[in-house]
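To start, the structure itself, in structure tokens.
By written order: A, B, C and D. Residues from 1 in each chain.
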Amino acid sequence: MRKTIIGVMGPGNHPKDIDLHRAYQLGQLIAQEGWVLLTGGRKAGVMDAASKGSQAAGGLTVGILPDDSTSQMSEAVDIAIVTNMGSARNNINVLSSDVVVACGMGTGTASEIALALNNGKQVVLLTDAQDSQRFFTNLSPEQVFLATSPEEAIKLVKELGIGN
Amino acid sequence: MRKTIIGVMGPGNHPKDIDLHRAYQLGQLIAQEGWVLLTGGRKAGVMDAASKGSQAAGGLTVGILPDDSTSQMSEAVDIAIVTNMGSARNNINVLSSDVVVACGMGTGTASEIALALNNGKQVVLLTDAQDSQRFFTNLSPEQVFLATSPEEAIKLVKELGIGN
Amino acid sequence: MRKTIIGVMGPGNHPKDIDLHRAYQLGQLIAQEGWVLLTGGRKAGVMDAASKGSQAAGGLTVGILPDDSTSQMSEAVDIAIVTNMGSARNNINVLSSDVVVACGMGTGTASEIALALNNGKQVVLLTDAQDSQRFFTNLSPEQVFLATSPEEAIKLVKELGIGN
Amino acid sequence: MRKTIIGVMGPGNHPKDIDLHRAYQLGQLIAQEGWVLLTGGRKAGVMDAASKGSQAAGGLTVGILPDDSTSQMSEAVDIAIVTNMGSARNNINVLSSDVVVACGMGTGTASEIALALNNGKQVVLLTDAQDSQRFFTNLSPEQVFLATSPEEAIKLVKELGIGN
């Protein structure tokens, strides 16, 4: 039986403290639901924090790595998928996720949200940046859901019927 | 000697009339500079219009197709690159372009702009949507340039030193 | 801690009975070692048989799907990675595997063996076809190892130091 | 009108002199037919030699690069497609070619032949290695054609109805 996979996407470089804190909590909450966490797999920023949170709560973590090896991998990744595709792997991140939770914002994160929407996926936005909220909500109103906390993000995921 | 390639990215589905008009003009202007036009290659929206404009002005057009064949290809594509990678091909679109001109907006276009910025590319935004202008300018102020017409877009491309 | 991943590659279409039988056994043996099984994920041929064998022995299975959804997925896949990249996903299959075991032969399998060798990976060939053995051994003598049974294949994997 | 594209695939590293000589001739002959040459684009081996031959005869050359820039590109490439996908770009090479001519053999070349066959493409094998001829002919008898010279390879391409 295929496991439910929740993708958590966020900045690897120069993340804000609040995004790291929220990512760790998201990882914990996802693990507590018995869901698999999927991230971009690098030992950096939101990817690393979410993976550590999931691992701390006993969850299973998948990392979709952009490089050709696991040398830059988060130590909290259990299953490493090595793509050697750079940012093109962002499309795999979102296609493999039952739902995408965007935690924070950056150019890579923006590409993942847009690719998720382009592929018909639902996206929970966990960011305080109003220009991001406005842009993506305008881009695809029926696929974007705004959350103000990790708990609310998980509540939205459940309301979308994910993992049932 | 490698040819200069200008990527024109814009919505394939439900494009606005003004975006189609501008895309056609962009294609013409790019051809007149002796540059190669690169698009997503499909027989739809901005991709198709830009390719037709380029072809009408005697230019060379490259189409990076998402499908596994050329069956959905714009008839104005000279060189078809068949990727069978869906939206992951958007990363190839931007990596292969010396500069990206975004004409209009949609989920695929947004992913291409974000991927371009993520890969260190410069992007000329040709759109009247202020939330798009604000979002991408905030995301990466030094890589995003705003144009209000095809002519201004090409002027900006030249000022960036492309094609010299 | 990253889990050890063993890739089992073999024909999806028109597999031989002996290849299916061996694939099922490989899946069982891999699970018994505590390793993760990685396949191309489809509900067909060697991929499906190996995944079923692993699942029957309580193992964890990863499927790297060529399509844009899980609709053609083996029911014995636990973690589905959805690539929408067709045969280009074969490169991800081999990069993500600590070692590749080729069970049977076909055009897809041949591409995976060649890509594995091209990426510096070691390959255990479990096939009775002498032209295949000769071709790949000649192609890269130091990376190819011949097995005549699933048990011998696993023994070779251990001798290569995988999973220690 | 889409241009006819002939893919020439062969070893980048440690090519044989005869393969380089044949690749150069293939490039020339392809250009003389008015066809576009497609290669893996690197400044190495068969890719470089074929591109130089085509360029010397006034042809147009496309290079599908594995890297994230054009820094390793053959100087005889006109149109550079930058994939940043490593060997996964081999699938794009074959999908984008109307027919594949394999000149020499190596792990990358073997993967391209196998991927071409897997995608239903026809392959002309220009190699003296009998184990290669035997292996690929057995793998897919109806898609593989053996040539003993560049001239014969082009003759076979024409007999397949390519470029009409």
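Please note the rule applied: contacts are C-beta pairs under 8 Å (C-beta built on N, C-alpha and C of every residue); 3 or more make two chains touch, one makes a residue touch a chain.
Everything quoted here is computed from the prediction, not taken from an experiment.
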Equivalent interface to A-D (more than half of contact pairs same by residue no.) among C-D, B-C or B-D is B-C
The chain pair with the larger count of contacting C-beta pairs, comparing A-C against A-B, is A-B
When centres are defined as mean Cα positions, the distance from chain A to chain B in whole Å is 28
So, in whole Å, the Cα centroid of chain B is separated from that of chain C by 40
Residues of chain A that touch two or more other chains sit at 68, 83-88, 91-92, 119
Counting only contacts in the complex, chain A reaches chain D at residues 68, 83-88
Given the complex, residues on chain A that touch chain C span 1-3, 5, 36, 62, 64, 68, 70, 73, 75, 77-85, 91-92, 95-96, 119
In their shared complex, chain D is touched by residues of chain C numbered 85-92, 105-108, 110-111, 114-115, 117-119, 129, 131-132, 134-135, 138-140
